[in-house]
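In the part that follows, the structures are each spelled out as structure tokens.
Both complexes below contain subunit A, partnered by subunit B and then by subunit C.
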Partner chain A sequence: MADRRRINGPPAGTRPPVYASLKESKTGVSERTLRQRQPTELRKFYLKTGMIPTASGSSYLEFAPSAALAAARSNPKSLIPPSSALKVACTVHGPKPLPRSVPFSPNLLLTTHVKFAPFAARKRKGHVRDTTERDLGVHLETALRGAIIAERWPKSGLDITLTIVEAEDDRWWGDAPDSHDASWGMLNVLAGCITAASAAIADAHIDCLDLVSGGVAALVSDDASTAPRLVLDVDPAEHRSIQSACVVAYMPARDEITELWLKGDSSRAALEKSDGRTGHEALIDGAVDAARGANTILTDAVRESIARSFAQV
Partner chain B sequence: MNSLPSIAIPGQRLGSTATYFAGPGTHVHQNAVYASIAGPVVTDAAPPQTRSRPTLRVSRVTDTKHPSPSAATATTYKSKPRYNTLPAVDSIVLARVTRVQKRQATVSILVVLDESTSQPLDQSGAISDKEYMASLLTSAANPENHSNSDDLRFQALIRKEDVRAVEKDHVVMDEMFRVGDIVRGSVISLGDQSFYYITTARNDLGVFMARSEAGNMMFPVTWKEMRDPITGISESRKVARPF
Partner chain C sequence: MSNQRQASSASQVPHLSPAELSYLYTSLSLPKNPIRPDGRSPTQFRPLSAETNILPGTNGSARIGFADGTQAIVGVKASVEKTILAADTLDSRSLAQHGDALNREGEEGSAAVSGQGEWVQMSIEIPGYRDDDALPVFLGEMMRESLVGSVAGGSEEVKEMAGGLKGRLVINKRWHWRLYIDVLLLSQPLAYPLPLLSLTTHLALLSTKLPKLKSTGEEDPFFDDDWAVAEYLYPRSNKQSSPSDAPTYPVRPPVTLLVIAVGENVIFDPNREEIAVADAVLAISITRSSDSENMKLLSIRSIDPPSRLTQPGIPNSENVNMLGGPPASSNQSGGQEEVGGVWRPRRGGVQRSVITRMIKTVLQKGGVGEEVIQGLEGVKVE
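Entry: the complex of A and B
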């Protein structure tokens, strides 16, 4: 939908022109960077709460840039960054009274908004919320609703707003969209949103069953001959083709999944012979493992937030 | 049973329901008490004659007498209250009068005083209501101060019959409250979709800060009268017992 109220930039105009000679150059500038991590090794990320003083709870999450991105920053050969790293800011407002039009509710009413900054992705985003943003908001709400103890907060509403400052790529920037292509980056964004929102809710002292964290696993095939293999915390820019991917919101203390989103075809997977699991079971287990890893950082961030509120005299 | 952690995070197991009751800030899952908010763990011992279990709770405010985990010296800290506690039945609230009608007065709740702050603390760290108000009204970090909209505050009603305990039939609302007064009240009901119900029918409840028509802060004279120190004119209010 066209946004008539503001003067917008061109919808896809911020990407520098890519010349064929650059893509096919032998200097190594535009090589696809391959995954350096082990299949079960997660990326590091930074998570801190209480960054926004006017909100009742807030958090900021940032993934460590990939090795290729760090190298490209220190020694730039091209204007185009080889990959992107997720950056999310989350604010929690409330519990606050419901507007007059809303009927009596004995529970906490949760509203989630996910908004991409216009410059967050390689393709420019508009100011009006588009379908992917709505979709992410709905998924996030399901993930959090299972964790919040809503009956402790009658007659009140909670607004959770996430701003994506930098999104994950859906594919390597040099690739043309192919038949396997989907918005794989969205899954990473959702996992980051879940972890960030959980930290912000804990910072706002809203009652929760557990700290819920997000994790992603994917079946990737780097060449066409072999069956796709399972990797945790996938960076879509590092792989030629992603067959299927899965994001979960997971509560480790009670071993419960509050949100599950599977995409793609998980029927073919290179698992060990002794492994009796099907492809999608392996995928979900992998995503849960990734979420467990994220939860260690989340726990530390919440502990830090409590220690800080003590230190304030 | 191993010892309790000093700081709990949501989802952390605190103890079995055989040894503890679950208090505020905790929940019960599969016969165990789990923390549901992050904060210091407090054990409230059961009254000695009842032979009951102690109650576990996770404190929402940073406790005044709790030493900082990082500080080497066990100094006491002045609490920095978080204002996100909801009004519940029997909680004491401070509210500003926004509208006075014949049968009721509308107020907007500024702060809910929870148990740890509504009763006087130890002598050194005691926070009086006035200090509370000062911190509430001046702090720039308080989101309430960035918006004049009453939509962000919980609204409440004081009905004519809830103003005082005696001579309920002869209450004239205009002589009890004026717009802008700060009232201490007790919540009697969560009410309907938009309003809580508050009573001031106790000696310690009622108007405790008010400005006269000349705009000066008044002091209480009797239980139904406040006086302007500059003009000397008295105005009638339902006055809260001054401490």
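Entry: the complex of A and C
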């Protein structure tokens, strides 16, 4: 039964109208921002631990806005922001005793909650977790469980909550939704979640085998004629179409992958002739390289966190 | 409650003692020829019985039962829906001509419209789980992702399937089919139910028929009443040599295989006991690519191996009962070194080389993927 007593706003929010003249400038070049980084160049990001004093461990991760986004914010030409930049806050509560109703467990039980803020994506998210959020939670749990030494905390639980304040776009917002149809932004969100959660777990002083970090690689084709090429740390808003993408959670010290999520058709990748790898192998290797890059920042953030806890003693 | 907490792991915490786990692991990780508890070869699947078109009220349905008693039913229903085209989703070309677009509607073929992944909805019901628990959601997303992601290559033969399943659902610019795939697991999930559900969905989609369209172009859709002339969702090629032959499909829905690695060995279709000792579990979705005979990879997801949640065994050197006094090292988690025959829960991830080997076993020519697809081609779908 609809609420007829009040004048309510539309449930899904509204978007400003987009005029054809805005989408194509006079020169005939669309306003889509193209990738200015090298294929192997990663975006910068900011990672800080211990932002939330009530949690036993916490971290905040923010990707640097792309050059195009920064330019559009200072000098707006269109009503559509060209892209968005990931912002994730992570809290870790525990290890704490399990409630009495839970049967004995010899290991630390991990619970992961990934929640988008209602305003995080272009389309409003409800307050109840939807399927993509639950799905991300399972991926994250798989990634972290491999890194945590769980048997050192029998009968205890660990709650990891991630709040996505701003999510990555799945496509350039001027595109029709079908042209780029898959939730490619989710892969970036997952990689960010893994890195942030790893920093928060280290901030909570929970024993891990290694710091696990997330990385994304994708096969993109910017025009239909060329074969898709491999880029690391892809921003979906910068490409016309993404053929295939892969996210890994990677532990550099052991050279091991705890989580792998690859989707899309990777068979038509343009690799060098001498490269004997198939498309999916190249994707996984690329994602691992991206994860290695993220790991350097993660290590610095954790070092900062430890220095701070020593200073408090 | 405890089930639900653990629901996301490959299934529940295995109820096996450390000694049993260690025995299983040792026999499964024997180099070159693992010994499986049920005597299968590493790439052999469990025997199954399958039937299709069992539910008269659906567009397509299938049932598959494994010999161990697990059964799944899949029903596919389709409904016609209006395509919502907000102003910002029109491309600028059509916006520029908006003034006269209304009366020239239908000049461009509907091929210009490609489908959307949201048009395929999947719900999975597993006894003992709520529908918003992690396991059904994860399984559903996994199967849906490969279904809507499989786009056929540029073969001319199957015009309808040009945009994959999504493209097939487009009726014209303003209308499309919405597909509801409802998966029902009838028995308790004895093993990780992914292979069963994926195979059943595959057969149900092959048997799915959509009513024949009578209207043309951009008219409102109008269908033939005669169910006998309905068209298959996945078109069949009509060059059959004899009527007794199974029809061939230029495009087939994807299949998701469950693959585990134990030690050096790669094992397919694990049962509950085998998955409990796995070092790594991968779900690999494949399909036969339409332009070549090779297998095509659609998606890979790693699944949390339940071996991480098992209880460790205690070696005799640390066992109080064997020594008659308190153990020498009171720090029980300190004894990390592997003792032969004593179970240690798996820790850490999986090497890249292992993942590559698992994928290769599926994709290579004459590999398991080809075998599974051939096996499914043997199933006659009415």
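Operating definition for what follows: the second predicted complex is superposed on the first by the 293 of 313 C-alpha atoms of A that agree within 3 Å, B and C clash if a C-alpha of one lies under 4 Å from a C-alpha of the other, contacts with A are read in each partner's own complex, and residues count from 1 in each chain.
Definition applied: a contact is a pair of C-beta atoms (placed from the backbone, for glycine too) under 8 Å apart; a residue touches a chain by one contact, two chains touch by 3 or more.
If you're wondering where the values come from, they're calculated on a predicted model, not measured in any experiment.
Contacts of A:54 after superposition on the shared chain: subunit B is touched, whereas subunit C is not.
In the superposition on chain A, A:276 makes contact with neither subunit B nor subunit C.
When both complexes are overlaid on chain A, the residue A:102 reaches subunit B and subunit C alike.
In the superposition on chain A, A:299 contacts subunit B only, with no contact to subunit C. In the superposition on chain A, A:257 makes contact with subunit C only, not with subunit B.
In the superposition on chain A, A:310 makes contact with subunit B only, not with subunit C. Ranked by how many residues of subunit A each touches, subunit B and subunit C are led by C.
Of the two partner chains placed around the shared chain by superposition, subunit B and subunit C are both touched by A:149.
Contact with both subunit B and subunit C is seen for A:209 once the two complexes are overlaid on the shared chain.
For the contact definition in use here, the residues of subunit A common to its subunit B contact set and its subunit C contact set are 102-103, 105, 149, 152, 209, 251, 254. Across the interface of their complex, subunit A is touched by residues 7, 9-13, 25, 27, 29, 34, 36-40, 60, 62, 66, 68-71, 77-78, 80, 82, 84, 86, 141, 143, 146, 151-155, 190, 192-194 of subunit B.
Those residues of subunit A that touch subunit C in the shared complex are 15, 17-20, 23-24, 101-103, 105-107, 109, 111, 129, 131-132, 134-135, 137-139, 141-142, 145-147, 149-152, 173-174, 176-179, 181-182, 209, 249-251, 254-267, 280-281, 284-285, 288. On the subunit A side of its complex with subunit B, the touching residues are 53-56, 93-100, 102-105, 149, 152-156, 202-211, 251-254, 299, 302-303, 305-307, 309-313. In the complex of the two chains, the subunit C residues touching subunit A come out as 1-2, 5-6, 8-9, 13, 86-92, 95-96, 98, 113-117, 132, 134, 137-138, 140-141, 145-146, 148-151, 166, 282, 289, 296-304, 308-312, 333, 345, 347-352, 355-356, 359.
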